[in-house]
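Shared chain: chain A. Partners: chain B in the first complex, chain C in the second.
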Partner chain A sequence: MSFSPELVGQVENLWTRYPEKKAALIPAMHLIQKERDGWFSNETIVDTAELFGVPDMHVRGIVGFYDMFHATPVGRHVVRLCKTLTCKLCGAGELIKHVSTKYGVKNGETTADGRFTFKLFECLGHCTTAPMMLVDEEKHESLDIEALDGVLEGLK
Partner chain B sequence: MSTNGKTVNVTIDGKQVTVPAGTNIIEAARHVNTEVPHYCYHPRLSVVGNCRICLVEIEGWPKLQIGCNTNVSDGMTVFTASDKVREAREGVMELLLINHPLDCTICDQAGECKLQDYAVDHGTGLTRFAFDKQKKPKNVSWGDKVVFDAERCILCTRCVRFLDELCGTDEIGIDFRGEKVSLIVRDDGQLTSPYQMNIIDLCPVGALTSRDFRFKSRVWFMQFANTLCTGCARGCNVVAGAREERLLRMVPRFNAQVNDHWMCDEGRLNYTFVNDEDRLVAPRVNGKDVPYDDALARAAAILQKAKEGGGGAADIAVLGCASPFMTNEELFSFAGLLDALGVTERRFAIPMGEGDDMLLHPEKAPNARGARLFGFQDAPVDAERDWDVVVHFAARDGGGLPDDLNAKSRIVFSLQVDKNADVNFPLTTSFEKDGTVISAGDRLQRVSKALTFAPSHLTERVVLDRLRGLIEDGYQGTDTAALALARIAQEHAAFEGLTWTGIGLQGVSLQLAEAEVGA
Partner chain C sequence: MTRETRVMLEYADDPAQKTLEGYRENGGYQALEKALREMSPDQVTAEVETSGLRGRGGAGFPTGRKWRFVPKTDKPKYLAVNADESEPGTCKDRQIMERDPHQLIEGSLLSCYAFGAKTAYIYVRGEYPHSIKALEDAIDEARAANLLGDKILGTDFCCDVWVHPGAGAYICGEETALLTSLEGNRGYPRIRPPFPAVEGLWHCPTIVNNVETIACVTHIIKRGGEWFSKLGCEGSTGTRLFCVSGHVKRPGVYEFECGKFTLRELIEGFCGGTLSGRPLKGVMPGGSSMPVLRADELDVTFDIESVQKAGSSLGSGAIMVFDDSVGAVGAAVNIAEFYSHESCGQCTPCREGSDWVRRMLLQFAAQDARDGDLDLLMDVTDKMDGTTICALAEALVWPVQSFVRKFRSEFEAAVRESAVGTATQ
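Let's look at the complex of A and B:
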């Protein structure tokens, strides 16, 4: 399967910014992941490798390395809850427990209705407003159970 | 790396040396016989600088640098063993060993493992890591040739780069980065490259082992010979390892003119015939084991009759059939015997197979060039004719002559018993004798004895020389392959001035006219 002309255009634009094509892999892979339902299937990995002219095993390694890339299908949204020190001290533990009882998902799992995939993340860089989470590309800060439910229940 | 023939002067551990510009510190240090320890660096692979064991100190540079990825520059002063360097190396060793299972006692690499070597040379022997080690997959099958142990892997990526950069199959990748990091193989996890076993040699640790060789012997109990693979005409240089007179493995030996650092899997695994249980070990006459003297006498009687009848003349038809597995010294002796008999019908056959654009040559024998040079013709034998005497060196596959050949008497040298032979002499393999062969590109190379065949065995060259002595008054053979070579050097222009030691471990290129050896 080939990528959409828009995506290819964006990637070509990225290439102009680096000395070699390969250097643009990571930003390009974010775009690719979005176009391919939020995860990297075998096929997507091979297509990406072909587009960049690198071994597919190299792309596979990148998918395996970075938490932001997914090697298995994800729900319609991806919820990343910070579990690092500051957030933990400010109550992230409670939130994690709550998500697992109320929505039935633990780290890495997707809700039965396919609404979201839940992931625990290392520090997301907003310790000042801990605990916090990232839903797709939007951050939600100073969470408590109520605020968290508000966000999650609002997801389509 | 363009050096434009420029050189730079550097000082390494107080020793001055001039090296081409663009040389890295590891290679420059080799010029002063200093080994900078290294795992991930390999001269034929791209530089990744990920193992960090090659850290060195450079005068005027605030931090230590990795020797693999730092090129020397003019006036540079390098210290490879200063206190700072030693301390850094100890740290690197400690880190590399943090999750290592320390299972040397059950690891096949023990004795030739860089982790062991460097732990002794550069480690402290202690660890401060008090937590549980990572558990990772062990004994993972990567197909029928390579076995992977993820816990021992130090992630140097030599194997990844070899298959990517030199084989183009790029079938190994790194996945699960982080504490569970491990190598993976594409698709069903089975390697496909016909050169995949080179990654076993490349792996500096015990993460990749050979399914064929593992657990057969500790390497320190083995004896090794610098010889050649005889699987095809390339003549890849190898180190053959044997124990208790059984050949256990071949690994490639560096030769820039022939095989570089590599060999193909087909050749590497092509040695088991040496250990066959049903090898012919003693000469036989009419189907019975006999002492050499009796067999020689019988063969001489057959040949004497042929000689009196005129050898190659029409009334008595004698055929000499050589094999492209014979060494030049054997071919020389054989040709000499046939000369003494006046035999002109001299043939041999080349087993043909697949070649490729790396090393594999389509001629599946080491010395077709030698056979031609010593006067044997690579042409079919006349099967219609009634032969009186056939002297036949059976090729490894037994072949070389048509099955339905008519011959009154046969003198056969073979690996297995030949039921049709009147006199049957045991054939040795190239791993059981010394000699020379002419590999592809007309390169004269040495084969050397890695193990001893049956105790009282006479090599074919000695048998041929003795036979000649029996039918030609006063003929004396030579005692060793080196002396036989000296005789060849006197008689064949192409070998002029060549000696056993002169050929050395890397071989020499011959100047042969095409007419002499064929294309």
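Let's look at the complex of A and C:
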């Protein structure tokens, strides 16, 4: 399967910024992941490697190394909740427990209805308004259980 | 008295500051005009040296001196702005990128001019979509106004600035890992020497500086190195951003001059003390990779040297505060989990050691530890210190050892409780 012409255009544009194409790989993989339903299937890995002229294994290694790339299918949304020190001090532990009892998902799992994939993340850089979560690209700060439910229940 | 001195955040509360027009109204891009028309590149570097500016990424290396390491060669030179901001507790660079991004772009151009680079990459952690967007918008505006690109402001200076998103790996904040990642690889740190200033991106001289460091350059050129050097105190000149988080009444990102107050005044006075009103237990004054200070150790002047003398470090400017409801063992577990998860796996002591330490600490937490485990923990961490390619291993060792040393009785109690547990089984 080939990538959309828009995506290829965007990637070609990225290439002009670097002396070597490969440097655009990670920025491009964000765009690719979005176009391919939020994860890297084997086919997507092969397509990406071909587009960049690098071995499949190289792309596989990138997917494995970076937490924001997914090697398995994800739900319609990705929920990233911070579990690092400050957020823990400010109540993230209870939120994590609540998500697992109320929505039935633990770290890395997707809800049965496919609504969201739940990921525990390390410090998300919003420690002064902890606890914090990112839902796709939206941030939600100073969370408590009520606020968390408000966000998660509102997801389509 | 603890009070803020705002330089980088002077206009941060004004939403218009994000736009080129708003930024220019407040004197934006005057420093660039001045440098390109009146100063030689060498004079820009000299001004930064005069300012006493030290890197804000954690290590505090003098910025002007770093720039002088760039060899005079015909090879292309690069600036890589470190916006990976992932040290737990740190959320300061984001304030610059999201609220006043042009000062970072202007600082990047000035820095490139100083050491002869024509391209700057701002490596922003992937979990910062808002920072990425704010920077991209600002870059587009600046390009349209001929403030970057070819023949900037009609001079011979050509320079481009690009945003480069990462994808979620703490280690990419380490300067050599950042470069490996920027070239399109897994973020593995490299053995130094060669240092990046001599051999960095694509084997060319590359300066890696933190976002806040580069933002300071803008103000140094605008108002003079002399002016900057008079702010703060000797060894910690200028202003710095600090992120106070955890159990305090008034958490937040603040801009201070160092050397004017103690850590206690900052936390108990300016930040209002603990949120719960319970006694303070400890403070990590420079991110979670630095040793913890106990509540009785906080009467230390707040500057790089004094905090160092007290056995810790201002590190990345992240001040994490906890009250006495927090157990030392639990805190150490959380820290060890972070660093063992983020180890890139290249060096055996870090890869194996960090996981071993994490598992040992979990045993303390579960009251499943034995006599001798505490000595073993110290021994393993000692062997990780100084035996690896990058400083991530130490980022685990220092805080963990500090928790054991400073709250030893809690770890010993865990061993005792474990023994009771076994006896009653």
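FYI, the second predicted complex is superposed on the first by the 156 of 156 C-alpha atoms of A that agree within 3 Å, B and C clash if a C-alpha of one lies under 4 Å from a C-alpha of the other, contacts with A are read in each partner's own complex, and residues count from 1 in each chain.
The rule we apply is simple: contacts are C-beta pairs under 8 Å (C-beta built on N, C-alpha and C of every residue); 3 or more make two chains touch, one makes a residue touch a chain.
Not measured: the values here are computed from a predicted model.
When the two complexes are overlaid on their common chain A, residue A:22 makes contact with chain C while staying clear of chain B. When the two complexes are overlaid on their common chain A, residue A:30 makes contact with chain C while staying clear of chain B. When both complexes are overlaid on chain A, the residue A:61 reaches chain B and chain C alike.
Judged by the number of chain A residues each one touches, C leads among chain B and chain C. When the two complexes are laid over each other on chain A, chain A has residues 58, 61, 65 in contact with both chain B and chain C. Contact residues on chain A toward chain C in their complex (touch as defined above): 17, 19-20, 22-27, 29-30, 52, 54, 58, 61-62, 65-69, 80, 84-86, 88-90, 121-130, 134, 137, 139.
Within the complex formed with chain B, the residues of chain A that make contact are 55-58, 60-61, 64-65. The residues of chain B lying in touch with chain A in their complex are 160, 164, 170-178, 184, 186. Of all residues in chain C, those touching chain A in their complex are 76, 85-91, 94, 125-130, 160, 162, 164-170, 181-187, 202, 243-247, 251-253, 288, 318, 320, 322, 326, 331, 334-335, 338, 341-342, 344.
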